[in-house]
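For reference, chains read A, B, C and D in written order, and residue numbers begin at 1 within each chain.
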Amino acid sequence: MLESGKPRDECGVFGVFGHPEAAKLTYFGLYALQHRGQESAGIASYQDGTLHAHKAMGLVPDIFDDDIIASLPGDTAIGQVRYSTTGGSNIVNTQPFVVRHNMRTYALAHNGNLVNAHILRKELEETGSIFQTTMDTEIFLHLLVKNLKLGFEGSLLKTVEKIKGAYSFVLLTSKGEMIGIKDPNGFRPLCLGKLDNGNYVLASETCALDLVEAEFVRQLDPGEIVIISKDGIRSIHMPVPEQKSFCIFEFIYFARPDSNIYGHNVYSMRKRMGQILARESHIDADLVMPFPDSGNYAAIGYAEHSALPFEMAMIRNHYVGRTFIQPSQTMRDFGVRVKLNPIKSVLEGKRIIIVEDSIIRGTTAKTRVKALRDLGVKEVHMRVSCPPHKFPCHYGIDFSSSGELVASDKSIDELRDYLGLDSLHYLSLQGLLESTNVPEPETMFCKACFDGCYPVAFDDSVTKDCLELM
Amino acid sequence: MLESGKPRDECGVFGVFGHPEAAKLTYFGLYALQHRGQESAGIASYQDGTLHAHKAMGLVPDIFDDDIIASLPGDTAIGQVRYSTTGGSNIVNTQPFVVRHNMRTYALAHNGNLVNAHILRKELEETGSIFQTTMDTEIFLHLLVKNLKLGFEGSLLKTVEKIKGAYSFVLLTSKGEMIGIKDPNGFRPLCLGKLDNGNYVLASETCALDLVEAEFVRQLDPGEIVIISKDGIRSIHMPVPEQKSFCIFEFIYFARPDSNIYGHNVYSMRKRMGQILARESHIDADLVMPFPDSGNYAAIGYAEHSALPFEMAMIRNHYVGRTFIQPSQTMRDFGVRVKLNPIKSVLEGKRIIIVEDSIIRGTTAKTRVKALRDLGVKEVHMRVSCPPHKFPCHYGIDFSSSGELVASDKSIDELRDYLGLDSLHYLSLQGLLESTNVPEPETMFCKACFDGCYPVAFDDSVTKDCLELM
Amino acid sequence: MLESGKPRDECGVFGVFGHPEAAKLTYFGLYALQHRGQESAGIASYQDGTLHAHKAMGLVPDIFDDDIIASLPGDTAIGQVRYSTTGGSNIVNTQPFVVRHNMRTYALAHNGNLVNAHILRKELEETGSIFQTTMDTEIFLHLLVKNLKLGFEGSLLKTVEKIKGAYSFVLLTSKGEMIGIKDPNGFRPLCLGKLDNGNYVLASETCALDLVEAEFVRQLDPGEIVIISKDGIRSIHMPVPEQKSFCIFEFIYFARPDSNIYGHNVYSMRKRMGQILARESHIDADLVMPFPDSGNYAAIGYAEHSALPFEMAMIRNHYVGRTFIQPSQTMRDFGVRVKLNPIKSVLEGKRIIIVEDSIIRGTTAKTRVKALRDLGVKEVHMRVSCPPHKFPCHYGIDFSSSGELVASDKSIDELRDYLGLDSLHYLSLQGLLESTNVPEPETMFCKACFDGCYPVAFDDSVTKDCLELM
Amino acid sequence: MLESGKPRDECGVFGVFGHPEAAKLTYFGLYALQHRGQESAGIASYQDGTLHAHKAMGLVPDIFDDDIIASLPGDTAIGQVRYSTTGGSNIVNTQPFVVRHNMRTYALAHNGNLVNAHILRKELEETGSIFQTTMDTEIFLHLLVKNLKLGFEGSLLKTVEKIKGAYSFVLLTSKGEMIGIKDPNGFRPLCLGKLDNGNYVLASETCALDLVEAEFVRQLDPGEIVIISKDGIRSIHMPVPEQKSFCIFEFIYFARPDSNIYGHNVYSMRKRMGQILARESHIDADLVMPFPDSGNYAAIGYAEHSALPFEMAMIRNHYVGRTFIQPSQTMRDFGVRVKLNPIKSVLEGKRIIIVEDSIIRGTTAKTRVKALRDLGVKEVHMRVSCPPHKFPCHYGIDFSSSGELVASDKSIDELRDYLGLDSLHYLSLQGLLESTNVPEPETMFCKACFDGCYPVAFDDSVTKDCLELM
């Protein structure tokens, strides 16, 4: 089992090579990727053989200002946004992670999770390595410098041979090279873009390319190492398995709706999930509504297919995210109302269908359903635009133990009762794959969180039996 | 003419009488009214003959914490959120405004704008009054204490006799009374609610009652003064004109969609505006979309009536509101993209109808339309859910000179070209009135911003001729 | 009796006329006067008929930065540092106090205390004035505008005729005049200086003139109003009593040692107090030491006259003033040690004479004496460089009730025992007057805190009998 | 040569074993040692096999509050205050430095400087170590874990065998041991104290023991490793050279005056330096004065021996340390006056002797002397209570290159003229040694900064010829 409390590697990475305002572009790239990690952010830049870095806890606009950007000179820079555990001392776990070795400096930004991290760490410690962080990123860099006698590329290849799991790295060296690395299964997104001036950008999602007005070139291949330097761009390819394992949850929830993944727009895919969900599980009702904002797109698709009215009958409060004083004891549904404002006159006495993108712990959904009932809603039906989450993710999404997953030990009927619903229906795995519009979707995705079929063996090296979901 | 640069009185007010956590309830009341004013906020509380106050620039959750709430003891409190000009020194213009006179203290929160403020101020100064602020609120209190020889109620009546314009006041005295006052035309909303414990709440909108779980009792009548004290509740009524003048822009844009005004839900009214707009001005297109969030509801109504697909094809960025580093010069559409993320694959090559709630200056709309064109949208049609804004507001909404109103001197065709649209259509005034579902709507609303027909003469006392819009 | 809890007016004021960096010079003037008030500060500047102001709670260097100084344009500015009660909401009690009246603006900075404030306030309120603060400053401005029909000068004279007590004002008007006003008794210091460019500066103490490199011209006379404008400088004089009442406590403790008052240097006077104290009360001992820093100068004088070694045997901690975590229960003398570091090897087994400038409440002295005893000091003798403080001050120093004064109801012997001393001796009033080197000192000073002989009747208008101290 | 810009290791360290409020005691220990490093501070605590840490840039009282102390549980803790280069990103160079290795955690606080750091770092990097900081501390920990196969103590001994230079370490392990280590030459102070409850404390100076009310036990011996654990206390001793090398500059300037070093009080020694300085170099004058605060004690000794009046004729400003707005161009001596207030009436026309503890760059002294001349001082003589600083320190004091030392290439006469003095005299090395009262002082101290005689060869391994100063 994974260590409990291990900081999860939900992250966004970005890098730009050869732009006079590299740090500023990286700032905007990170701003566009803010949804991938809201607890810390950092930028490292390269100028004349030296790396400069600034990182801190908080949101991108709160961490950087003009003075800080000015302190990150040079025309190449990388950055990261990150979700990790809270607390002042965890500033050590911010990224890009910067180390010095033999007069060279390396800065590394990482999105993913290594499943053999604890084994590698043990091996390294036995040969005298010491660690300052609990991040996989530190392991990668230890391995990299250990093998530098093989040359830089040789060491890179040796290093990726040893690490197992999900990783999309952006690496910056004090020789001014920017390197993008994607694991052989291709779990996490990482794409290449091109600036007006012909130089390259790396980004977790295409939405970051759009904001900095870089043209999308392509997704990195699984197992690709792309090296960008003054000498141009070239790629090395690791051996890859036949079955690809792109994280399907990126489509369902994680990616920004205006991003494209493998040529397919996320917004459109989410709408299609809603349409197929309606096809699979229609029920008569007065209206369809999302819990905003993550359920919006599938709900629009559901409403369209079912020809029921779409209503934004719970409105998101714009000031959520700030810290609040705890409510008075007399205020019952405060936890719901402070985030969502339900429109009583639209909801009262109605039969409603709520379209949700996914249910993880179920606690929020349960509370909201109760608040709707208290308001006088007549029937509450829920439709979820993916199959039930029954298995933890070991590749970088923050539901790492099955105990956190409300669907792990409950039947659909039990869940329906637990959540207080009149009916509950999940999108089938087949429906989900169909919605992606990707050809041969069975060979493309990691869907371990639904079927327990883990593409890369983790930890005690035993692959569980997979569920048959199709 | 009004002074240029005069702080506008867009505000929300709230008050609670007789609750052991009065300041905390007021905090939540203000939080629910945050959309009415985001530049400053304040709370004043009453305990044992003494008033306590705290006010500051910023958002409600940023201004108050548990310690500050604890420093506002007592079971009666009032508060205000406010939009005014920025700048550290303008802390003096925050509210509630607190003054001392003859061992008594008064705290006042105000939503509205007095049209004879400069005349009253001049008169007061001639008899020796000095002013610390530029707020109408200060004038009200000067007048109040001048006439206290008539008794407190006598003085209140004398004072409202002198002031002209739009005002919804909540007043707290060091005798522990809470008073709500609405001007005879009833420009601004102010409603009465009741707590579980039988005590009363005053609030600009019903959404604030909902959050603190107070039951809605009724809107204050135009010209009503409601006095709440240990002796109970009673009302005094000023003489009122036949024609009412409730601000119709509250329905169109200003109020929160989950609020009810005069028994009518704002969300539903906005949807109806969209439906009637579709009825009046339908054109064939591929999709209907809002500029989120203010256009959402009318767009849903429009799509429903026209049976066109509703798409959220520009997605609002959640981190807007924070300060940003200025973009690189190479980033062209940054101003749009930093706030809204357009979904290219949904928009490219399409004929789209954008439904907007209103167009004031037109600059934002113009930039957004251009960004959509740059993205490859084929046709851009705009439908606006109210008539053109041709006249400034003198009753508390922040478009105080006609120079700020793009429609003031342009025909619809000129506007269409200016905004870069393929077609442009506004909701008719009749359609707008119909959408409110209010009986005899012609006698109920101030619609001066559309027709220049000002219900209360301002300044140089000459009422302009009204436009015939019906 | 004075209102309890009334904010005390310990303050420093400063003004500069006709310098292109007026606000910046005022900043430095206030910085030099920081010892006169550490709780808030503010600056108001004049440019082209408009006044600009910034004020806040805190120390001068923490309140102002380059941007704020830049927001205070113009070549005339005034400022104030202030000691008052703490708390966020007391931002209203900061100065300069700015008011508007009849298109004119006035900014006023005040050092002192009006003894008839409550009577004047009552009178004003009866004619309709309202108050926002509890400061005397506001009363002055109300009176000023009430009488403007007499002309500005006429109104000034009428106003000072009505107010009683201690005041040194610096007033700035939106006509660009800077006015200094000192009460007829001359309680508080206020001096005139001249810049290189021939223009004038007003300051509470000469040390502020030194820092901005202005030449000292003279102290304002008691009862002088000096008006500085584009037309030059001129003075008006109010009628004054024969007996002057300069606060002798400024010499003893309050003023900065490098200031000169009435031509006499404060440092030298304090040394002389120590010398005369030694002459009056010498006792054999091993060393003389101060409680730093306020006792330093008298201690040097005492050591010099007595030919005993001067030792800095308790060393002041530089980081005092910052907030501390409360100490562990096991740490006994923490309260002393956190501020002063006693040198055990210098003190152990010794007979020591501590020279203090004054004893107000006695609590700090008592704790320190105990800490010295615990350290193994053999004999502790204390010599105080002024007579016992037996009476409260009503003219602007913060010991406003006799209950706060440990000497008010104790004999010297009782005090010695209370403080845990082997011997205690105060400087005689005659010795104190002699130390000032001022000719005819009996006619020059307010010494009411020693003898209860109040030069200006306060409140219930009954002058107490004075003690015979000479 | 040392790397230029290398962060200097001026520091204070502290540790407490076996006290329920270990982190709080450490906080106070660091507060007492604040003078040894004002740029960052940190605390690490041990509880049940886990280390907790918090560190940040800034002063101790600004970094820690009750919540942070509460987040550092356990009955053993260590801490450090540090002077290093500035800048946000240097948070990585704060201490205690915490690393993880083989399920164990180590926290290390360091005072000193390793002279073979760059060689060790190179060796370590060649075997694959990576570094995150530029601190010697990191090297120590790399070496420690490399040799853990020798057992913990074996590894400690192996590690100290390899490192050369000045070091006083406090180490905390996740087995709950606290270890103090002093280099064989004994450059930096580190002493042992005992709490009331019988448990032990380690501290750079005795003043920290005093504040937490621990009894002084003894200085650690040069080359001593003291291991404190649940099993009690025991020491290991490295081989040591005959000649000891305690830093004599600790006596002259660095240590707090209320500390004792090797049984001798620092305050008394500084007074004695002043007395011997007067004996060696007396000149007739009107007064003796220090530049406060560092020169105070030698000046008192000088005045006492020469029977000249001691005057505090330049008074230190209490608010120094805060950031200031840059002065107006017209303000000439601002740089002096903002820190020190000279008393003109005491100084004008006088012949004065300034006693300084040391002159490093000479720039401050030069400016101050000029300011005194401008004030009208007749003669300015300077007496310095140590010999001229001619050689850089490689053992942890921040004057690391001879270019920074004004005396390195100037004769006394040249210096006198450079500083604008009438006469200049330094204390002789013999006089300095005599003042320490230490028996056989020639064998006890490092005085390399005066005579270039470096006790431990640094870098290019060539010991320079020493100056003959005696």
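Just so we're on the same page, a residue touches a chain if its C-beta (ideal position, glycine included) is under 8 Å from a C-beta of that chain, and two chains touch if they have at least 3 such contacts.
Small disclaimer: the values here were computed from a predicted structure and weren't measured.
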item: Self-contact between copies subunit A and subunit D, residue sets same or different by half; value: same
item: Averaged-CA centre spacing for the pair subunit C and subunit A, given as whole angstrom; value: 62
item: Centre-of-Cα separation between subunit C and subunit B, whole angstrom; value: 49
item: Inter-centroid spacing, subunit B versus subunit A (mean Cα positions, whole Å); value: 39
item: Multi-chain contact sites of subunit B, meaning residues that touch two or more partners; value: none
item: All pairs of touching chains, each written as two labels joined by a dash; value: A-B, A-D, B-C, C-D
item: Residues of subunit D that touch subunit C when the two form their complex; value: 21, 24-25, 27-28, 31, 34-35, 59-62, 64-66, 69, 195-196, 207, 210-213, 256-258, 260, 265, 267-268, 293, 296-297, 300, 303-304, 309-313, 315, 318-319, 321-328, 330-334, 337-338, 341-346
item: Contact set on subunit D toward subunit A in their complex; value: 52-56, 68, 71, 87-89, 91-92, 98-102, 122, 125-132, 134, 141-142, 145-146
